[in-house]
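As written, the chains take the letters A, B, C and D, and residue 1 is the first residue of each chain.
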Amino acid sequence: MSSTATLRSDALVLSSDPIHPANLICEFCRMFYQNGWVTGTGGGISIRDEDKIYLAPSGVQKERMIPENIFVMSFKSQEYIRRPLSLKPSACTPLFMAAYSIRNAGACIHTHSQNAVMCTLLFDEVFEISSIEQIKALPRITRPGNMWYSDKLVIPIIENTEREEELESSLRVAIEKYPSATAVLVRRHGIYVWGETTWKAKIYNEAIDYLLELAIKMKQLGIPTVKDV
Amino acid sequence: MSSTATLRSDALVLSSDPIHPANLICEFCRMFYQNGWVTGTGGGISIRDEDKIYLAPSGVQKERMIPENIFVMSFKSQEYIRRPLSLKPSACTPLFMAAYSIRNAGACIHTHSQNAVMCTLLFDEVFEISSIEQIKALPRITRPGNMWYSDKLVIPIIENTEREEELESSLRVAIEKYPSATAVLVRRHGIYVWGETTWKAKIYNEAIDYLLELAIKMKQLGIPTVKDV
Amino acid sequence: MSSTATLRSDALVLSSDPIHPANLICEFCRMFYQNGWVTGTGGGISIRDEDKIYLAPSGVQKERMIPENIFVMSFKSQEYIRRPLSLKPSACTPLFMAAYSIRNAGACIHTHSQNAVMCTLLFDEVFEISSIEQIKALPRITRPGNMWYSDKLVIPIIENTEREEELESSLRVAIEKYPSATAVLVRRHGIYVWGETTWKAKIYNEAIDYLLELAIKMKQLGIPTVKDV
Amino acid sequence: MSSTATLRSDALVLSSDPIHPANLICEFCRMFYQNGWVTGTGGGISIRDEDKIYLAPSGVQKERMIPENIFVMSFKSQEYIRRPLSLKPSACTPLFMAAYSIRNAGACIHTHSQNAVMCTLLFDEVFEISSIEQIKALPRITRPGNMWYSDKLVIPIIENTEREEELESSLRVAIEKYPSATAVLVRRHGIYVWGETTWKAKIYNEAIDYLLELAIKMKQLGIPTVKDV
């Protein structure tokens, strides 16, 4: 168990290295804010570095976060080893942990992207799209390498709950049921995307949002998102 | 009553502190301009710091404002304690004052957001949306804490008038009639949003604009904005 | 008549003052590029300072312009007093001159805004909108002061021609026929907007583009752009 | 054949000149990323400088590229004279080479623009648009000078393949069959655009994307993209 001194330690989050997890979380949040993905304190991101899980706090303006705001949790003990006293831990924490424990993810992104929300209103149990070049940016997971152009991308959609932490069990079920998915959509809420590394999580999130946006446009024009091959 | 010397005083608005109200007003206006919320001199923002009400001037390019352009009014005396001689006070001033006096707000934002204008063309007496995660960024006001996911957000819509100051009485009526609203839409005009602090007003404005934008997309696809629960 | 030495003079365009016309033209073009108004070398801007008319050149990437690229013409003699030898003068020059001579404008902006092009496909002889707050940012011209909220903004639409300079006569006719217009739309082409000063031309262009964008959204939803009052 | 030492040489890509091809590729990729054209590692760009072909690598985040990441190939020998050992060459390389060899291009751009993808879903064998001023930014190629306003822009659409390099033969056929085209669309994939110089390729790509976007809006409103004249 961590001492109060450790819980206040800045050494875990202060670094001059721009790709230190605490710096990357802040940089990504500024970028996600520009994209409308973390509007009004919504959304967040977590990065894993071996036993250390770095987490953006709850309820803060994501584009104004500084490394001192970051929580750090031990993956093994599931206890905070750094906890800013004036801030609340993110309600997404158990959801990020599911991606780390079930999929051995290196980073997990949660956004309130309007493209994600709209697709959960336009699709039923799963989001599906095929035969779009951008699909090749996504992993197949159950086999090595990325998806092919004509592969069908399937992202499960789970129902939202009143409290974010209540999503954990259905998220875990969806991750187990769709072993080749690298993301889960949450109805009327947003999306969780994870990857083996921080960069891959970022790339997957971008590529998926591109496909969600394209799918909405296709639906509006009556074009099926899954192509007969 | 203030002397002319006081009215010209720069000490009230010049500060090296980036979160001084005069600096924040300028920073927010630049940000709002990027979002298309204060196009062509429209819109504005006011911040209250105890007895001092800081106000952006009328008819200036909001993205080019500097602290010297800011008006300061005493909340108690309702008189200007700083008044840039070459500028006109904002016609929004009595509207901002309504939020300060009725709701004890800490800041008030006015935008010409196209999402706001469009929603006043698509909704009748009130804007309504429910069961969207982003709603949780908004306050319940009449009870402590924020709204729940399945709560219905209701924002009253008042009719526009030829002169902005003529909106005051209907705005006051709407604020009284909808005690849990933290915003009022103005038909074919825009929106007023306020909050307990500057940061909360900013977050509420962002979250509401996100919901207004989403509601337009839902309407276009024939999806009701209020969900049966 | 100007000497070759004068034609190469940089003194007319090099200034450390950020609001010198040559600097403002470059700054505005970068901003217009971000807005998609001068994509792919399209569009331009001209500023008048007493007898000197500053003009962006033809066929250059507007966002990469530097003051050395600017042409300067004498309003009185209609001859260039500075002419960068490697560049071509803008084909818009006679159109800008029409705004200067007929309306005594201080600046004139030309964009290929998609909102402008779309409105020329959705409206017939004139673009019309009324009862939108943003209209109040625009001048009445034939009477002092700005437009009222319920005033109807009318912008004439002229037919495009193969060569830009061939637009001059119909532009002049439109300016004369619509004495209260501060802009002319060109079918399938874009828009010309002018104002008494550089800042006013910028504000009018922004406010009009906002109204053009809003009108397209209203048309798509079957809402009339002119309101019965 | 190049020695290993040459293959690691940084001298080919490190320069303080901002318009050195390696610097321009990085700058353009950052700009294209902002436009959503190279989302999630998609897309790319190549510049030719006499015998040297500069190429962005495969599978990297295009907005974070640095000159050290650039591949350089000899046009004559078709062999790499610089090859970053940790990166993969772009699968677009044979497609860029087609533009260099058949059309003597100076630069070639490939994007995953959603406007391009949508137009390949809305048009059949070719994309066509006429009588839009922006067309005048594009070259006629088979005759000197640029297109006229009323000229019809025709861009061939080829079918996508599972592997990007498999596009080469149909791309070559399309380039030969449409001698006045400066671009080829790839169904459900994106677009290839080339030009005599780097700047012209950039301008053509921008002007074409503007026209693709406009064509989608016209289609949605039932307006034909080709005008009877």
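Rule of thumb we're sticking to: contacts are C-beta pairs under 8 Å (C-beta built on N, C-alpha and C of every residue); 3 or more make two chains touch, one makes a residue touch a chain.
Given the structure is predicted, the values throughout are model-derived calculations rather than measurements.
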| item | value |
| --- | --- |
| Rotation, 0 to 180 degrees and nearest 5, that superposes chain C on copy chain D via CA atoms | 90 |
| Geometric centre distance via CA averages, chain B-chain A, whole Å | 32 |
| Cα-centroid distance, chain A relative to chain C, in whole angstrom | 45 |
| Residues of chain D whose C-beta touches two or more other chains | none |
| Arrangement of touching chains [line / ring / star / complete / other] | ring |
| List of chain A residues in touch with chain D within their complex | 131-134, 137, 148-150, 199, 202-204, 206-207, 209-210, 213-214, 217-218, 221, 223, 227 |
| Chain B residues touching chain C - in the complex, by the definition given at the top | 36, 39-42, 61, 112, 114, 117-118, 121-122, 160-162, 186, 188-190, 220 |
